[in-house]
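Both complexes shown next keep chain A, but they swap its partner, so chain B is in the first and chain C is in the second.
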Partner chain A sequence: MTESSAVIVGAGPAGISVAVTLAECGLQTTVVDENPLAGGQVFRQPPAGFQRAASAVSDSASRRGDELRRRFANLGDRIEFLGNRKVWGLFDSRRLAVANAAGWRMIQAERLVLAPGAYEFVPPFPGWTTPGVMTPGAAQLLAKSMHVLPGKRVLVAGTGPFLLVVANCLHDAGVRVVGVVECTTRSEALKAIPGLLSNLALASQGWRYLRRLRRAGIPIHTGHVILDAQGQEQVERVRFAPCDADWRPDRSRAVTVEVDTLCVGYGFIPRSELAQLAGCDMRWADELGGWIPATSEDGETSVNAVYVAGDGGGVAGALVAEYQGTLVGLHIARQAGAIDEATLQARRREVVRRLKKLRRFRRTLDKLSRVRPGLTELATDDTVVCRCEELTRSEVDIGVDAGCATYRSLKVATRLGMGPCQGRMCWPAMARRVALRTGRSMEQVGLISVRPPIVPMSVGELAEPESAETIRSGGSAT
Partner chain B sequence: VNSGQDVTVVGGGIAGCAAAYELAKRDVQVLLLDRALPGCATSASAGGLWPVGESVGLGCGIIYSAAQAADGNAPMSPHVLPEVFRDFLVASNDCFPDLADELLERSGVDIEFAPGRGLLFLMYTLKEQAIVDSIARGLPTGEVMEILSPEDVFDLEPSITRDVVGAALLPGEHQVNPMLLAEAYKRAAIAAGACFLHDTQVTGLRRKKDRVIGVEVGDQFFPCDATINAAGAWSGRLAATAGVELPVFPVRGQVVLTETLPVVLHGGVSTSKCYLTQKSHGEVLIGSTTEHVGFDVSVTRPAIASLCRGAIRTVPMLRDVAVKRVWAGLRPATPDELPILGEVEGVRGIVNATGGFRTGIVAAPLMAQLVAQVVVDAPLSFPIDAFVASRFAKNPFGTSVHSSPDLGRS
Partner chain C sequence: MEGALLRRSEDIQRGRQLRIFFNTEEVECYEGETVAAALLASGRQVLRRTARRGEPRGVFCGMGVCFDCLVQIDGRSNRQACLTTVKDGMQVETRAADGSWGSQR
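So, the complex of A and B:
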């Protein structure tokens, strides 16, 4: 057992917030993250030696990130940060198998907080495996952290405010952004304005991103969807067309643009592997990005002493993640006896009030970015839908039509999801297709089975005994 | 039960799917109820068809006995099962070449039956060689087992370590894809008129006097003329709901699967630490533990490490190969390690197709035929006496090799 009150997986806004809250209550925590520095995807720090380019849009989010990270660093004596660590397994619900370059070891968590964040949703479409097609997040990572330009002429496409962030980031980095293609129709966006204005700070931030793109002469095609990407060695052309409210394109009005890079992403999917390995009860939440662990308001899952905070428990953005992290932190601090009930209730009330204030904004955005059926119809019969096993859509359809209507049965019959990604990449889109095709609910078609190792590990690494690396809190679990 | 009557099969693993097919083929109205519980043994099976290898204890059995010996619980010894069982497995194994064609034709599914050079048991020590020698003496003469020198081994399998004292080759032992075998049986059964209800958790059997009259799924009742107990590791629990005592208990097996590789193995390889088999899509499956831990399907660190160490010792190039996943299945075990087939003394309307333990895949074709023959009252293609449940009544623990702590709870 560790001397830490909690082991936190993920050092994004949610994880940092849990650690900071606990540390401020005088408790020790251990934070494990795959990156060398804390910050997660949204507040990612450039590697040492790189100066972060001042964001052209000075946004409250990056200020919040700096502030959180500052508090995190100041409380360093109570927070043990284990960067560059991959969690490859979870045993007996709270024993983490944690690896770094030198080896791996088990960390037994007295309490386990999962703050793994989310990954981008990209449904298959013709040409999506062509080099030069990448997610907006990947492009942002290249440009922001590695100072590598993803391409010369880039189209940014998909849905959600993140597209605007990335388009700005690429533009600032000197990339020629030829346009932003957003599925949401203009009329739907207009209807959402009152809801978005319920949070002026966030709404104005979005507005500033939008205005900067307009000023740079970057066209924003609302109500359009990507049809395909063409090119042999590299993307050469991308076609997109106007779409209806279900995001079904009118192919007769397709437009072609010449680009060398397509950044495409349709929102985010919660990373649920660890929650599933812990044995948490899972539920389908379309508006929050997919399957999430069922939790209480304070992030308690169905498994004793396992908590979830942030996008991994339902995609809602950095601010909500931070507040949820605070709630989890307060709950654990009370459990550990570091604060009294009155303090808990007083502080909790304040955070819950802030979360409530965000509710209308969030719901508006959730509704706007809800995945529509048109996206599942972009692939054609010969489009590869499972990249690991190189399965085409028609190969999967044959399995579906033979009566396989669950992840498990399709996997057996077609090898969908049999590859190293264990279905994380293909199943979110294929599940929707199977559900539509068979008239079943997403609950009925089910979720992927998660097996360790959830990150690449070799036979040799798994054969090794635990490394002798000293982790202050992580006494070897027995 | 006659043709045209209703039979309900409980369990959609290999035993249930195969039984459903053999019954439907004989014009029996079949309804199969399945709730894919975590730990279904079919999904964690390597698909090795090792009738002699397993019945003389050179498959999964020797890993268990070596582990027991390492723990100081027992001396490592050959773990030879009765001759009748070996004959039974060999007869079942002989079904596969034709079965592969039959199922492909009726279901469209290729079960990936791959005749190779046979099962290779590697001997690392003189002690292991002595065990193999004593096993060989007990086998009929003929081409059942061949002893190879280290040079022979290297010629056959260049990827294998040269650090062996020799190997035993069992030439008739091949492999299939166990999940596709179950899927093929299932689709062929459906094509022959069987009905499958998935995601359906049977809660119990309904018994009236000396007869099981149907199957309960919560409030729902499915009446039938006969019920096939193919509930795998759970079949003891199922039988208990009808007041039938069936000594079936779960024995966990953990397996490790690598990424897809070019050909590194040309057939199954077993050792006293692990077995390895390369599947037709190129993954190498490394199995398997034999653990009495009840219905716990979790994987454990020491088991994964031990299997991986065994694999690297056997095929050194595997060290740098990525592991795709690790998981576990619950084998339906019995005290004497033989299956439980056929009717139950004193209770009519229930027919067992369970206790496949380590050999559920290779035994599936013949088990299913026998079960169907029992149901339609046809002549049996293999004597069933050694496998009926009543053998335990005479001796409640059979000729138990290992006592099981789970027996009472099954």
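So, the complex of A and C:
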């Protein structure tokens, strides 16, 4: 048993913010994360032992991350950080099975906060499994945290402002960025300008990213979509073409570029598997990236004492995640009796006000980057659509046409989603294809079914949990 | 690709230099790097071959979601290269198309 007021899964901006808020109210928390250091993907740090020079470039987002991590570290006596840990199961809604390299153990959470974040959406297209094709997030982690270049000549493609961030990051790191390919058409982007200007700070940040790319002579191909990546052992060429408002390409006008790396991502998908395991009511929210747990404004789910904060509850970026984390933290602090009602209401009001100020900006971006049908048509019959099981699109279509229109039925019939990623990579795109092909709604097609272990564990590993001493980082009594 | 060229030199002081083994080859790397980063930095993009089509795979999501970077590490199969930190003398082996470990075929 842990004395923590809450166990928080995920140490990105949302999870850190929950822990810091609770710690500042005098409460103990336990934070579990897959990575050795706190920060999540967006504020990922270089590994311990690496030292950044003081001259290293910093922008407002990284300063925000530094500030959040500093508060997290300063409150270390109240925050038990369990890094390098994977949650492989969740039982009776709040009993967590947590594994590290040595073994695993159960942690009973009095309250459970899920802050798992999101991962990038990449619909299948010919050549997308070739080494050298990776997500923009993967390239950014390599360059920013590991200080390793993902390649020498890189094309950045997909949709959303994150592409601009990554293109800048790679350019600064010394990569030859040959261009940015963005599905959104120029005219649609221009129409969004008033909505984006509703938040001047974020809009000017985006403008700076654009201007820096322009000054570096990096072309931005708006209204274009990737067709395919070519190469045997590694990417050698990538083709892209102009697309319409539904992101359907005009293949007759395809352009070929020679690159060794293609970074491609079309926005983000909330990581929903722990909320599903906890038994939370889930809802389909296209504009927020997919299936998310239904929550109150304070992040309460339908399950008692289980909360969600950040992108895992709907993709909205690091700033919103941080504010949501504060709201969850304040709510729990009040529940635990660490703050009075007046303090809760006063602090809550301020955070809600800040979230409201971001709303119009967020909605404009959500609308711009919502996934269009053209993306689900990029794969050809023989394109692998399930990376784990190597199923081609035609093999899955046979299952769909035979009447399988849900994840579970397709899994049984075709092995789609049967591999180690458990449908996380294939299903978001295939669900859209099934919906289009059968005329059903995304709600009817449904979401992946999740059952533990949610990360691959051998039977031997499951049979032998390690003693508490080897897996806990020390500190609080068990 | 030359490995040295894929490590950024500016603004950073790395940890202790280590070496790992990639199948039978020695790979220089630094304490704190992930196996995936160390291999990419040395110009090794292909981390395994698939069972059904024998196709090469490398780093894709880089954050532990896609399971494309599965390798065998110190005899333990199906470890994620992107989430595993290098240790001196670590033995990293790739999965061949026939399911055996330790070769690139």
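In this section, the second predicted complex is superposed on the first by the 459 of 478 C-alpha atoms of A that agree within 3 Å, B and C clash if a C-alpha of one lies under 4 Å from a C-alpha of the other, contacts with A are read in each partner's own complex, and residues count from 1 in each chain.
FYI, contacts are C-beta pairs under 8 Å (C-beta built on N, C-alpha and C of every residue); 3 or more make two chains touch, one makes a residue touch a chain.
Worth saying up front: this structure is predicted, and the values here are computed from it rather than measured.
Participant: Based on the shared chain A superposition, would you classify chain B and chain C as clashing or fitting together?
Facilitator: fit
Participant: Touching A:Glu390, do we find chain B (first), chain C (second), both, or neither?
Facilitator: The answer is second: A:Glu390 touches chain C but not chain B.
Participant: Of the two partner chains, chain B (first) and chain C (second), which one does A:Lys152 touch, if any: first, second, both, or neither?
Facilitator: second
Participant: Looking only at chain A, is it chain B or chain C that touches more of its residues?
Facilitator: Comparing chain B with chain C, the partner touching more chain A residues is C.
Participant: Touching A:Gln234, do we find chain B (first), chain C (second), both, or neither?
Facilitator: It touches chain C, and chain B stays clear.
Participant: Determine, under the contact definition given at the top, whether A:Gly160 touches first (chain B), second (chain C), both, or neither.
Facilitator: In the superposition, A:Gly160 touches no partner, neither chain B nor chain C.
Participant: So in the superposed three-chain picture, is A:Ala413 touching just chain B, just chain C, both, or none of them (first/second/both/neither)?
Facilitator: first
Participant: Considering only the touch criterion stated at the top, classify A:Arg451 as touching first (chain B), second (chain C), both, or neither.
Facilitator: first
Participant: In the superposed arrangement, which partner chain does A:Gly329 touch: chain B (first), chain C (second), both, or neither?
Facilitator: Neither partner.
Participant: So in the superposed three-chain picture, is A:Ala402 touching just chain B, just chain C, both, or none of them (first/second/both/neither)?
Facilitator: First partner only, chain B.
Participant: Which holds for A:Ala138: it touches chain B only (first), chain C only (second), both, or neither?
Facilitator: The second partner, chain C, only.
Participant: On the overlay, how many Å separate the closest CA atoms of chain B and chain C?
Facilitator: 6
Participant: Looking at chain A, which of its residues have contacts with both chain B and chain C?
Facilitator: Chain A residues touching both partners: 419-420, 456.
Participant: So in the complex, which bits of chain A are touching chain B?
Facilitator: 89, 91-92, 97, 106, 402-403, 406, 408-409, 412-413, 415, 418-420, 422, 444, 449, 451-453, 456-460, 462-465
Participant: Okay, in this complex, where on chain B does chain A touch?
Facilitator: By the definition above, chain B touches chain A via 36, 108-109, 179-180, 182-183, 187, 190, 196, 198-199, 256, 258-259, 281, 286, 298-301, 304-305, 308-309, 311-312, 318-327.
Participant: Which positions of chain A touch chain C when the two form their complex?
Facilitator: Those in contact with chain C are residues 34-36, 41, 46-53, 55-57, 86, 119-120, 129-135, 137-139, 141-143, 146-152, 173-174, 232-234, 260, 271, 384, 387-390, 419-421, 424-425, 456.
Participant: Sort out for me which residues of chain C touch chain A in the complex.
Facilitator: By the definition above, chain C touches chain A via 1, 5-8, 10-16, 30-34, 36-37, 40-41, 45-47, 50-53, 55-68, 70, 78, 82-83, 85.
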